[in-house]
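Below: one structure, written as structure tokens.
Chain naming follows the written order as A, B, C and D, and within any one chain the residues start at number 1.
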Amino acid sequence: MEERKLREECGVFAITTDPSESYHAASETYTALFALQHRGQETCGIAVNDRGVITVKKGVGLVNEVFDIESLNALEGQAAIGHVRYSTAGSNDWLNAQPTVVRHQKGNLAVALNGQITNAYSLRSELERKGCIFQTDSASELAAYLIVRARMNVGTIQEALCVAAKQLKGAFSIVVMSPRKVMAVRDGYGFRPLCIGRLGKGYVISSESCAIESVGGRLERDVAPGELIVIEDGKLSSMDTGLREKKTALCCFEYVYFARPDSVIDGLSVDRARRLMGAHLARLHPVEADIVIGVPDSGLSAAMGYAEESGIPYGVGLIKNRYIGRTFIQPTQVERERAVKIKLNAMAENIRGKRVVMIDDSIVRGTTGDRIVNILRDAGATEVHMRVASPPFTDPCYYGTDVPDRSMLIAPNHSVEEIAKKFGVDSLGYLTEEALADVAKECDLEFCTSCFNGRYPVEREMESSIYERRIGE
Amino acid sequence: MEERKLREECGVFAITTDPSESYHAASETYTALFALQHRGQETCGIAVNDRGVITVKKGVGLVNEVFDIESLNALEGQAAIGHVRYSTAGSNDWLNAQPTVVRHQKGNLAVALNGQITNAYSLRSELERKGCIFQTDSASELAAYLIVRARMNVGTIQEALCVAAKQLKGAFSIVVMSPRKVMAVRDGYGFRPLCIGRLGKGYVISSESCAIESVGGRLERDVAPGELIVIEDGKLSSMDTGLREKKTALCCFEYVYFARPDSVIDGLSVDRARRLMGAHLARLHPVEADIVIGVPDSGLSAAMGYAEESGIPYGVGLIKNRYIGRTFIQPTQVERERAVKIKLNAMAENIRGKRVVMIDDSIVRGTTGDRIVNILRDAGATEVHMRVASPPFTDPCYYGTDVPDRSMLIAPNHSVEEIAKKFGVDSLGYLTEEALADVAKECDLEFCTSCFNGRYPVEREMESSIYERRIGE
Amino acid sequence: MEERKLREECGVFAITTDPSESYHAASETYTALFALQHRGQETCGIAVNDRGVITVKKGVGLVNEVFDIESLNALEGQAAIGHVRYSTAGSNDWLNAQPTVVRHQKGNLAVALNGQITNAYSLRSELERKGCIFQTDSASELAAYLIVRARMNVGTIQEALCVAAKQLKGAFSIVVMSPRKVMAVRDGYGFRPLCIGRLGKGYVISSESCAIESVGGRLERDVAPGELIVIEDGKLSSMDTGLREKKTALCCFEYVYFARPDSVIDGLSVDRARRLMGAHLARLHPVEADIVIGVPDSGLSAAMGYAEESGIPYGVGLIKNRYIGRTFIQPTQVERERAVKIKLNAMAENIRGKRVVMIDDSIVRGTTGDRIVNILRDAGATEVHMRVASPPFTDPCYYGTDVPDRSMLIAPNHSVEEIAKKFGVDSLGYLTEEALADVAKECDLEFCTSCFNGRYPVEREMESSIYERRIGE
Amino acid sequence: MEERKLREECGVFAITTDPSESYHAASETYTALFALQHRGQETCGIAVNDRGVITVKKGVGLVNEVFDIESLNALEGQAAIGHVRYSTAGSNDWLNAQPTVVRHQKGNLAVALNGQITNAYSLRSELERKGCIFQTDSASELAAYLIVRARMNVGTIQEALCVAAKQLKGAFSIVVMSPRKVMAVRDGYGFRPLCIGRLGKGYVISSESCAIESVGGRLERDVAPGELIVIEDGKLSSMDTGLREKKTALCCFEYVYFARPDSVIDGLSVDRARRLMGAHLARLHPVEADIVIGVPDSGLSAAMGYAEESGIPYGVGLIKNRYIGRTFIQPTQVERERAVKIKLNAMAENIRGKRVVMIDDSIVRGTTGDRIVNILRDAGATEVHMRVASPPFTDPCYYGTDVPDRSMLIAPNHSVEEIAKKFGVDSLGYLTEEALADVAKECDLEFCTSCFNGRYPVEREMESSIYERRIGE
């Protein structure tokens, strides 16, 4: 059923509360996970720290399925970390739910991670050679091991986290909770977002700022690439891991597709980034038309940007059914076109007899484009001009995005003209990498654009890991 | 948790399939109920007719909670009717789920109803005096009784439905399924919408056209006030009940709030109606501002209308969390303001430093307005001008809307200035009844506006019925 | 999965509490339904009367599946009636859950029934001809109609119940609750058990005395055939319906198989009846053997009776798995023999090298006998002599027992020798009707033995009704 | 609700199948866990090995709650191990469900354990000092670590298991599954049972023989104390760990209470052991009486033994409700006596006017004895003579039984006379240790009787471990 083009791997959240205030760490985290739910809908979990004792509740399902009032109330604690996650199907999914909570020589530890460790296989192998055992496939278990083992040689848990962060390659935004501290670290490229906010006298750390605001907090700043944050006794301090790369590489798909439009990531509003992309599209691929519409939800902001720049009126052309969820049962004999129609319906009133510019955020597999175009044609659109708010998607991602096999991608194997013809559009225009670079100028970090050009910031060792996953479990 | 301003009572759907085609009546109805889910989220049900044998599956919950693949597959049939419903809390809710399926002397009958019968109490009393028993509070059980008893004196089930329709007062859009026919009837005022579409060689009848389109069907026309539709042997015929009133009274809140924007009701697109309301607001209450935003979801179209008319740019100012549902657990000590923040977040990027025109569809109780305004102020809005796309809501509704007690309404007891002050807005402007009448010109029917002026098309006997409900059960 | 030989249709319970005591009518009924659960495991329900307002909670499943603490607490009330039921499979099962609660001209009414109405079809037809509608297949809905309509012509609800009881043919033990009274009536033959107990200053009425004892009450006496009981204002009064037949006909299978051994029915302990049957078997079919065992659970008491009478030691030969329930998933390729083994295991210690007398309560289809014998042989039994604590089962039942089609019965089509051979036993002996009559001497009522001899106390109209059930719904 | 006197910690099961036969490893294990369910009702799990890939499904609840047809079918595999478990309450319970499945340098490993490791704390501490992390409190995780680390220094997984077994102190019956082997090991005292059977050409290993029989298998023999079993390529081989103690110590409560009567443990049938205990009681504490009854279920066999030896007739005096389960909701204001009555009801017929000998398996806390006696008195017993089929329970257990704190035990603090008075019995007699030793003569192993005399076979380090559990998590 799920037809999301790409899957973000995770969202993380952490909170410390001040005893003089009435915040309930687990409930705030619960609320925040609702605001991060778009980043991961398969498992979720909350770990709380109650005077040094860390407990966790996690499971398979949406936040509202895993938690009920009883389980939330049972999660007493002054600090908490939370996690939402996508994962591949299989009966073991629940084992991979995060946060991972472990006991080690020095106490308890809870770890939650957003990203993808590209050297996970070799790190695990090395640990296994030393007699370590792994009960899950999750990167957070690996991170926990590295932290715990580093802790044996350094004096503090934050130093141990620093040592561990240096061993990890790839993309990671990690939150860690020990009996007395909440910590966070972001990889040296800044692949995945991570930001800091205040809630009363306490602190919150989140993948996206919208979650900070959902609990009534206020965004303070982003965690910098290579920065390590420690919150202890109500005070936040920063530590430089020395990992920051000269050329940072924030995943541009956070702006294109993943993040909520009301989030601000590394200084750039997601909505604004999308509007800029739309404006660029208007300049790159102008067309005479009567209305600009977006494919909901991620195409809407770009559509507004296109409209503003082009002067063509913006309008609502497609309505998305909000109740279709993971459990929708597809009627068995339904044709492919109807499968889309169940989720998207044309606003015929706005489309009929018009030349339509339709903005979508990206084209990955190219399996639904023709059906959406058909919906517009059926609703009376006389012309459909498709504009895509990202460059052609040509290469797999190794940094936390669940991208289909390269053979499943449409861009590497088809010209723009071929795709336009397949989709049945009157014209098709993609964003350029140059335009994307221009958008990036407003961001504190540079963009990772490897999915558009195959230039990977970090060497990849993923294939072997994937291979191992098959035979190993 | 649920803070919907008003509750529509129901949505209905009916379908007949042609044996030469591969439609599955229950699955199509299931899909259609997803498209009608916004009209009722507490119970739902589907009745199917398999070669004359009618069975029903219904329950408490959303469509995706009540039906699973097993129950859907078990609902074999060539025709079906479906229903979604709001209902008041209580352990008996499931008894009131529709469709109601009964057996009577001439066979089976399934009935589903959207609306409110104002003379239900006297009709029930009369039936009870004749020895009838009632197992539920639902109007569909009452309707079933009237149809069955009428059938004893007339030759066909459609004539019986016609007789029953004449006995019912108030608002009703009813779908009925007998072993050989699917029927529908709409009250003489046309309070609640009802439309006809085609799906292949079969027919579909629905509260809203968006459900017809969700199954791949095509809207044909509306059922006229007082019209009775019979579909038999694949043929649709129309019958005049003689009930049509000179002055029709379609509920204007269908346009203001209830219906999906992509639905077309009695010839007028819901989105267009909202845009017109917005444009009227721009003319009635102009203001100098930098951006026009809508309160999602029902305020968005009106906001676009206001923007177009005023020339002030439209923008997204508030983002709604799509995952907060019926089961969200409110953190216990959360202040009132945060309760709104969990659901709505400001798009600070678009608001900061700006004079904002905020369009909401209506003000009913006036309990959340101040908090939404606060969210905008916190996000940096320098001015907030609220515009309401409907007139002041002053009177209860007796035609299928669950309106709070008059004492709970804010408009009858406060001046516009008082409300503006309470909300903390720089200005507040309502739509006028005249403007609404102007919008109604594009609709095939006149509007019922009794909630704005207390002029009820049908005399009401509801109080006694409500009273009886208390002591009787 | 379910391999019960026969299915009792139902169990009923009713309670009135005294305000000076702290009994909670719904919780007591809940406890009592656990004690009656063996009489019906597919649906259950409780209706409570809270100062004249009757509400009901019912559903598909065992008592512990349908009720949770929340739903029990919501059932506030001073009186209650409850019901457990078997029913045939189908998606409409929940509609047939009892008690049936209706509203009529004079108020509310809750009805629960154990038994089978043989003239249900003609009564329903007659009511339908008068314009009545039926929403379920349950006899309690029919009874409710009859009571309500009778109530229009008589002065009290108990008189109405009396009129209704006179219209019903077949087997019925009914409990009824009105806003001010709890009533009960038993058919004139006394087919199904019904007894009265005291709990504090209040009364309880139950299908079996074990349920009275489970709530801490004390069995007072049985409701006599044709007796109508009224409890009002804490006082119990009795009324003679005039229905009592000269020759009563209590279902002997209540003793053979249905009832719990600790229940006392019409003056005869179920355990004692079974022991007497066992003793008769010992006299009728003596054999040289080393141990007497029973097939659990219903064969155990008879086995003790056989042992006592014969002097052969009683022992435990078969252990039943207590955790195998309705949801056990049969391994797909399991042979028939293992299907029994999962539920029954031999106590090899007691069997090995022994000549075994194995007592079963009855043989209905004869499909599992051979497998049980095999289990004993595998455990080392040198001889197996089967004794059956009831006569050959030759005829269907029309009074509340779900008996397989006559063609499915083994006794009418096979001689005792054939069955013995099929089962692989060294000898096989049935109880005789004479012996059963001898047991009946200790009971206040005569036995219905129509399933052994086809002599039905009440003429049957069931076939047409069953037929109608097929086409009608 | 649960009032079990003692809680066994676990039951284990393992199976290998032959490819030429049609056994389904997971389904057989599922069936077997039903037969072991009495040993653990809080969590359960099954791990399967499908051509070297080990996957696991486990969860909180009874076997029929954790597994459905979908999850069972998904567990494809040629070998499997399973586990049922009691555990202490808490939100982390599911983390402690077994089998534990880990990945290590040499592949996968699944481990399930019944018992209690008395040096768990020091072993864990030592591992933690080496950088190991623990995600659960379960002994199987600890065992997995020891095996994996041992494997680094020895050539085979069975040798590694042998090394690990030597490190573990306390009681343990462990089953282990690697990609190519199924193994089992039993501690040197033989505290917990473990036996081997055949199923077709494959092998089964089980805590109790009843589970072997439930899948149609045949008990071959017991695993000897200190024996290690390896099944590879369809062949079983045995290995001596050298751990066997001179004086073995099988938990005598397996016979008294835990095991199913149809199981045979170390050569002694549980039912026979109980009968012998009953016979000893008859000799030790004779009394003039009319009937001997047992408290179901574990007192029944001993009651029969007492009856045989004494010549007093055996009878059924108490009936246990089979539907009362973990989810039974206790009526709030129910008195203590009724709490027992809900579960146990007297068979008054057999009790009235009689002098009753009532056999219970043991007295631990002594909280329900008086109520059971009251039930018998209410049913008309003229005298109640209680006989207890085990010696006075005076000391805590450290080998896998969840025994209440010593202060909660009744025997250390009260004389037999005091207890008799408290219970209201006419006489009270316990089994003696000498009699128990006499029973043990029929067993292949000696009995651990530390709970009766405080003489512990293995020194205990449990307190610190328990302490650590509190602060550590």
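Worth a mention:
Here is the rule we go by: a contact is a pair of C-beta atoms (placed from the backbone, for glycine too) under 8 Å apart; a residue touches a chain by one contact, two chains touch by 3 or more.
Owing to the predicted nature of the structure, the values given are computational and were not obtained by experimental measurement.
By the document's definition of touch, chain B and chain C have no common neighbour. For the pair chain C and chain D, the CA-based superposition corresponds to a rotation of 180 degrees in steps of 5.
Here the CA centre of chain A is 36 Å from the CA centre of chain B. Mean C-alpha positions place chain B and chain D at a centre distance of 59 Å. Counting partner chains per residue, chain C has no residue touching two or more of them. Of all residues in chain B, only 52-57, 71, 74-75, 90-92, 95, 100-105, 107-109, 125, 128-135, 141, 144-145, 148-149, 152, 471-473 touch chain C in the complex they form. Those residues of chain B that touch chain A in the shared complex are 22-24, 27-28, 30-31, 34-35, 37-38, 62-64, 67-69, 72, 210, 213-216, 260-262, 264, 269, 271-272, 300-301, 304, 308, 313-316, 319, 321-325, 327-329, 331-335, 337-338, 341-342, 345-350.
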